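Encoded as structure tokens, here's the structure I'll be asking about.
Order of writing sets the labels: A, B, C, D, E and F. Residues in every chain begin at 1.
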Amino acid sequence: MPYVNIRLAGTLTNEQKQQIATEITDTLERIAHKPKSYVYIAFDEMPHESWAIGGRLLGSDK
Amino acid sequence: MPYVNIRLAGTLTNEQKQQIATEITDTLERIAHKPKSYVYIAFDEMPHESWAIGGRLLGSDK
Amino acid sequence: MPYVNIRLAGTLTNEQKQQIATEITDTLERIAHKPKSYVYIAFDEMPHESWAIGGRLLGSDK
Amino acid sequence: MPYVNIRLAGTLTNEQKQQIATEITDTLERIAHKPKSYVYIAFDEMPHESWAIGGRLLGSDK
Amino acid sequence: MPYVNIRLAGTLTNEQKQQIATEITDTLERIAHKPKSYVYIAFDEMPHESWAIGGRLLGSDK
Amino acid sequence: MPYVNIRLAGTLTNEQKQQIATEITDTLERIAHKPKSYVYIAFDEMPHESWAIGGRLLGSDK
């Protein structure tokens, strides 16, 4: 641990995921004093139609 | 928040997901007094073979 | 399955949780055609200070 | 309940998932005294590029 | 990874959690060929009143 | 969305959680182009004895 799960609608490039992983791992090491090697990050890139905000399904009127 | 995650085997139509999101968002507003706009719902529509109940993998004998 | 996880800040009474569980289970049976007995719902009642929205920790200025 | 979520990079065969489900369900019955029929297991077989360990995205140099 | 999340109602002793962790880690190494050192297991021991099965809140009639 | 769940052993101060939330929200806005106001972050500060790494329960020999 820590285990970080990032769930979002749409896709990211590998470059975006690598950059996000680098920054979040650095944040957790610097602020929470967790060793870098222990930080797991799992990305869930989900279809827009798998999310509802305020009762309204995203992407459903495409 | 609230954040609601619904995980199930198989797929739903967008109409089913919209209807479920509408009803659950309404339930949380009415019973838990959470503002509608804050309710996030994320659906995970998973293959049957990703679930086991009682030690038996679903869909594995299809 | 389905497995439903409801995560929110603050606490609910057992009566609220029972009412929410009743309504969501009914919704999933009626709309997604899942047998009632298979529906699992897990509530995570979390401290306000465990949530951040828009980069701002809830409850931290109390 | 119990609800068990297994998240890993790559894929498993149905035979592997069935064997893992059999063993984990047995473990939870024998050690935690939970009835077999109540044990739900959900597998998330994720792309390597959805995981970062120690700040480094898996599979990104393929 | 793998990351395993075990959610159940009630509490376990440290001995039970250690035994479950030993067995599940062994299962994932032997069947899924994942190195032991990479296996993370997180236990969520939840109040009975945080679970509903079949629309009925556990523990609510105590 | 995005919804970010950070699970770790031990506790953080509100200042640490606020700082982590600020940085991760900034990362997701800058790299993934997600509006700040949509970013939810939920912290699970768990007992050491709720984690096992490599088959060994943390904190169990205290």
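In this text, a residue touches a chain if its C-beta (ideal position, glycine included) is under 8 Å from a C-beta of that chain, and two chains touch if they have at least 3 such contacts.
Values in this document were obtained by computation on a predicted structure and should not be read as measured data.
Engineer: What is the shortest path, in steps, from chain B to chain D when you may only step between chains that touch?
Structural biologist: Minimal hop count between chain B and chain D: 1.
Engineer: Both chain B and chain C are touched by which chains?
Structural biologist: Shared contacts of chain B and chain C: D, F.
Engineer: At the chain C/chain F interface, shared numbers over all numbers used: above half (same) or below half (different)?
Structural biologist: The interface is built from different residue numbers on each side, given that under half of them are used by both copies.
Engineer: With chain centres defined as C-alpha means, what is the inter-centre distance between chain B and chain E in Å?
Structural biologist: Using C-alpha averages as centres, the distance is 21 Å.
Engineer: Provide the C-alpha centroid distance between chain C and chain D, rounded to the nearest whole angstrom.
Structural biologist: Centre-to-centre distance between chain C and chain D: 24 Å.
Engineer: Give me the residues of chain A that touch two or more other chains.
Structural biologist: 1, 3, 7, 38, 40, 42, 51, 53
Engineer: Can you list every touching chain pair?
Structural biologist: Inter-chain contacts occur between A-B, A-D, A-E, A-F, B-C, B-D, B-F, C-D, C-E, C-F, D-E, E-F.
Engineer: Okay, in this complex, where on chain B does chain C touch?
Structural biologist: 1-9, 12, 16, 19-20, 23-24, 27-28, 31-32, 34, 38, 46, 51, 53
Engineer: With touch defined as at the start, can you tell me which chain E residues reach chain A in the complex?
Structural biologist: By the definition above, chain E touches chain A via 1, 3, 40, 42.
Engineer: Give the list of chain D residues in touch with chain A in this complex.
Structural biologist: Spelled out, the residues of chain D in touch with chain A are 7, 46, 49-57, 60.
Engineer: Within the complex, which stretch of chain A touches chain D?
Structural biologist: By the definition above, chain A touches chain D via 14, 17-18, 21-22, 25-26, 36-45.
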